[in-house]
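See structure below.
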Amino acid sequence: MSDVNPTRVAILGASGYSGAELIRILLGHEGVELVCVTSRSEAGRCLGDVFPRFRGVGVADSLKFIEPDIEEIVATGAQVAFLALPHGVAAGFAGSLLEAGLKVIDLSADFRISDAGVYEEFYGIVHPDPALLAEAVYGLPEVRSGEIAQARLVASPGCYPTSVILPLLPALADSLIDPASIHVVSMSGTSGAGKKADASLLFAECNESLRAYCVPRHRHLSEIEQELSIAARQKVTISFTPILTPVTAGIYTTVYAAAQNGAQAGDLERSLGNAYGAAPFVRLLGENIPPDTKHVTRSNFIDIGWAYDSRTGRFVLMSAEDNLVKGASGQAVQNFNLMSGLPQTSGLIGL
Amino acid sequence: MSDVNPTRVAILGASGYSGAELIRILLGHEGVELVCVTSRSEAGRCLGDVFPRFRGVGVADSLKFIEPDIEEIVATGAQVAFLALPHGVAAGFAGSLLEAGLKVIDLSADFRISDAGVYEEFYGIVHPDPALLAEAVYGLPEVRSGEIAQARLVASPGCYPTSVILPLLPALADSLIDPASIHVVSMSGTSGAGKKADASLLFAECNESLRAYCVPRHRHLSEIEQELSIAARQKVTISFTPILTPVTAGIYTTVYAAAQNGAQAGDLERSLGNAYGAAPFVRLLGENIPPDTKHVTRSNFIDIGWAYDSRTGRFVLMSAEDNLVKGASGQAVQNFNLMSGLPQTSGLIGL
Amino acid sequence: MSDVNPTRVAILGASGYSGAELIRILLGHEGVELVCVTSRSEAGRCLGDVFPRFRGVGVADSLKFIEPDIEEIVATGAQVAFLALPHGVAAGFAGSLLEAGLKVIDLSADFRISDAGVYEEFYGIVHPDPALLAEAVYGLPEVRSGEIAQARLVASPGCYPTSVILPLLPALADSLIDPASIHVVSMSGTSGAGKKADASLLFAECNESLRAYCVPRHRHLSEIEQELSIAARQKVTISFTPILTPVTAGIYTTVYAAAQNGAQAGDLERSLGNAYGAAPFVRLLGENIPPDTKHVTRSNFIDIGWAYDSRTGRFVLMSAEDNLVKGASGQAVQNFNLMSGLPQTSGLIGL
Amino acid sequence: MSDVNPTRVAILGASGYSGAELIRILLGHEGVELVCVTSRSEAGRCLGDVFPRFRGVGVADSLKFIEPDIEEIVATGAQVAFLALPHGVAAGFAGSLLEAGLKVIDLSADFRISDAGVYEEFYGIVHPDPALLAEAVYGLPEVRSGEIAQARLVASPGCYPTSVILPLLPALADSLIDPASIHVVSMSGTSGAGKKADASLLFAECNESLRAYCVPRHRHLSEIEQELSIAARQKVTISFTPILTPVTAGIYTTVYAAAQNGAQAGDLERSLGNAYGAAPFVRLLGENIPPDTKHVTRSNFIDIGWAYDSRTGRFVLMSAEDNLVKGASGQAVQNFNLMSGLPQTSGLIGL
């Protein structure tokens, strides 16, 4: 239906949950031709066999997984590569793909932290390709659409960070809250842990279970604090506790922050409205209206509600997103759209 | 098996979830003879018909629900009455039952708030029987076992309050945390909302859903702050956000509080150990060990873990309990045991 | 993007689960302009307020529910009306809408049973408009695409019937199975029971619960046997047991039928292939490959697997569909597409 | 509380779900002293560390897992051993334990099939110890309480078999149904698959999923048909399809069977009543009353309902049990009680 040729796209590491979600979105994206999917474990099998959901749709019955070999990937004619690989692995591919002339959208953490030392501190490994860090753009479209549109290498944000940064950023930038007062609790669905055979993620272990993990220092703190600090124009350190909950998809984030400079609910609403009035995927629900993850699953929306508690002088900010869509693959496609000169919403309007 | 005669017990409002859980526990309690269950909606039907789970067990096939009429209740010979009635309703029964010589354990909020004005502020009604407030004992067995043992009227604490108060109390009493720094997020299963035909509680509305509610001021704040203030010897005001999660049973509470006076994890551990070393239903898991609701469901345990975050100077306290057991009916039976001179654990050792 | 004008569409009874699913699909359908949604309970509120999932999408923030008044519906210029109303109610609207020149797609049972006596037997009420029964077409697109394309009034099949009829029809038509040997067990998600405030459908009642209902005679037997009898060219009577399972969406059907005339797995596969080779929404998985509801939820696909048990001489047929999509609203849109001269897949390719 | 000394008990393979359930029950069993638990993977850790649910209960904080070494097991003084080991492995231990003077209750399939050839056919391995088959008693207490009470080696039945055999046995024995007409569909919770790190059992793969497996020939057919054939006094072959459903615990079985000799619902009810009137764990719900798994989870009950469909002349039998309790560990303890001269209900009355 489009006059222009679709962009040829490769997905590296397409057999996990983020990869599958990318495939789901891209199979319905009119501006995309999916030409390459890689997976060490599934090489040789076609998309529809690995993911029965996709059988009979587009190229799913013909396109086969290949090994993640740079030459073979380049030979498919791919113009853009999505990296849905583990951290530490993704950075090993980015440089070669860029050299071969592809643009790269990385869903791992490898290019999100601008400081290689902080990366090493939180991820426990020396950064595999620190030279690329300066070029990489932290791909939060609501904040850096211009930079993203010009970028060759975009680091698409993590699921928790997106859910924490977007509600907080305007209030920090507008000095409505005390940067030292931020307390966050986030609940996530189990797909966030990936498709790995781990007994603690079995249905019988997650069903009827609520449990915190990575207390008190989750890796995602590094990129959350990096971005909040930029907005606040000062170093921001926060408390963050992730909770595993028995839903497949979804992240629900609750943020407390102390109001300052006399800010109240109306000020917060104006600040959010100014920041996101034109953002197609941020829905501002209103004061005292909590979001609900079931209204955003499988869509690229993030819903934000808020309240002001006059008893404590604190704001409560609440956000809901699908961890695999706005928290991963949908946001990556939103970045792709910006990099490709397409409307941000291309391929992402499905509910 | 016991030498002494069992106590004859009545449950008023036995057709809801708390009532059913009371029945479940009391049917297996050797020190109890269940002689009366009331329910306006189920009057005339026997226990086993209303709750198929209980068919064939003890008196379940013979004991019939009656209307909640004081004379009829007294006529059953009941010595102790559990009130599993809505707030505002429970208080209408307590006085008459006490006059008739019964002891009363109220699971509603009616006698938890010692100040009738605060009750009216949070519950929106004038207290039905304020004269009894002075006599009522807030029934947290880990804190007031002596008073409970002497009481005629015990107000058994709410589910959220138990999960918040128990982890915080020792730290507040020992001045390890700043009372003005408390931020709480609690997740609850849907049974906490009761067995009422409300479309927002349908399976299809709760499954794959995470959502906050009653933001920013939940009713349970009143009793939480009352008890924390007593422990801290000053007025304590906190932030509290409840989240509805797709589990049937369980509450998971995460508390942030700023360390003060140089307190660190070891100090907190000692404080908790001193407070609860002899408490049969508090399990202290250890530093950086988050609890998991699936390990406490259907038991009367509350599991507590903690962490100290040196980056922020804050403690994280986490607790897990079954909202219907330690958060309601199990705790009520624990109070019953104390009031009856039985071991706290009688009838409550089941896993 | 289309050259032709979109069709103006009304949905009557749009506030339930089938109605919401229709809205979800039609908001993304390029050949449709949604001009009217009715609901007695939600009249006056806009789509996005009633269904937060739709906020910010298409007309969701501007289109308001109206009362189901024929004149007002006609005044919106609607050309096609979907009836997502309870049985008995839908038939009261169909005639007037047809008279006003609209085409009607009824998702209720009212026009599925060609014999008004059978309708009365199974639904317990006299048919409200039997004169229209002769004209109504049972809208299984895989069986009657030609008739549907010409119809003014289409009775879109029920969720269980679609899941039972599609796997069985070819084998019956080709005389591969004994029509007297059919035994069916179907499992359904709770959304199939509708969005009604019924305590037995609460999360706490459905979670961790498996239970049969309407044993031994469910209403859907009437349309299942009607369609199977047509295919078999003889009266077919079957056994059917529906089971409520804790999923929101999905129907899983297991069918046993005795092979006859020496039929084996290969014969069944050929029969299914001949019948559905060109059907865009039937996916034939293969011998001994059971379907899985999670691969079809939110899509209009029905997945079918089968096995031949030489020990008993019986076939096992298994199907999986989304009860609200292929089992209700997706199929209704598939019928709409046929009636509108559009490809069957218009607006239905989303995954 | 008991006058007699408790029996010293060992559990081999105690780290899986059946083993954990055995521990849960035996920790509350007054006639049992748990003296030994084995697990290759958990050797050296105490019960409460491996299963946080058990912390603080009985011996859970002191008893440590040991390697499954016969000498060490015998050295603990154990008088009875429960084998919660995989099939093929259990049979390797039984003989040595019997020789050492222990009684053995095997929860695996190893001693359930009296014909070693059938075992090999269905389990794909040569039976490790066929000489013991003649001595082993198939431990269905409702059928063979006398033999069980005398046995040294009891093969405790599987979860599916218990749910299928108990409802069918009386009707077959009393010739009310045609043995050639049996069609079974059973739904199981995921704990039935065991605690193994298998990606297909992850929460994100099982949630919102219904799927058949092992079609058309599940291993449990061998013991089901063996027992049904004994009751029917002829070879019985049935159809059986297991379905994996998103519950942790529970099996729901639906059985169709053609009435014969003019049998109707009343005859079936009498037959069931005669067979199970004195069975403490079989609850006969009544005609047209389907059971519900949520009423039997964590209890040793099996609930049975039934219907007669005059349209087809077939009975529908429905049963619900907890797959880990009546379907495994509870039944094993029921057998233990019989073998120990205790009431069948000892330690099993918990709800």
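Chains here go by letter, A, B, C and D, matching the order in which they are written, and residues are numbered from 1 within each.
Rule of thumb we're sticking to: a residue touches a chain if its C-beta (ideal position, glycine included) is under 8 Å from a C-beta of that chain, and two chains touch if they have at least 3 such contacts.
All values derive from a computational prediction rather than experimental measurement.
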Comparing centres built from CA atoms, which chain ends up most distant from subunit B? C
Residue numbers at the subunit A-subunit B interface: does the shared fraction exceed half, giving same, or fall under half, giving different? same
Where the centres are mean C-alpha positions, what is the separation of subunit A from subunit B, in Å? 40
Whole-angstrom distance, CA centroid of subunit A to CA centroid of subunit C, is 36
Rounded to the nearest Å, the gap separating the Cα centres of subunit A and subunit D is 46
Residues of subunit A whose C-beta touches two or more other chains: 205, 207-208, 246-248, 291-292, 294
What part of subunit C is in contact with subunit D in the complex they form? 183, 185, 187, 205, 207-213, 215-217, 237-239, 241, 243, 245-250, 252, 254, 256, 288, 290-294, 297, 305, 307-309, 311-312, 314, 316, 318, 320
Residues on subunit A engaged by subunit C in the complex (per definition of touch): 1, 24, 27-28, 51-57, 207-208, 280, 283, 285, 291-292, 294-296, 298-299, 301, 303, 349-351
Subunit B residues within the subunit C interface of the complex: 17, 189-191, 195-199, 201-208, 246-248
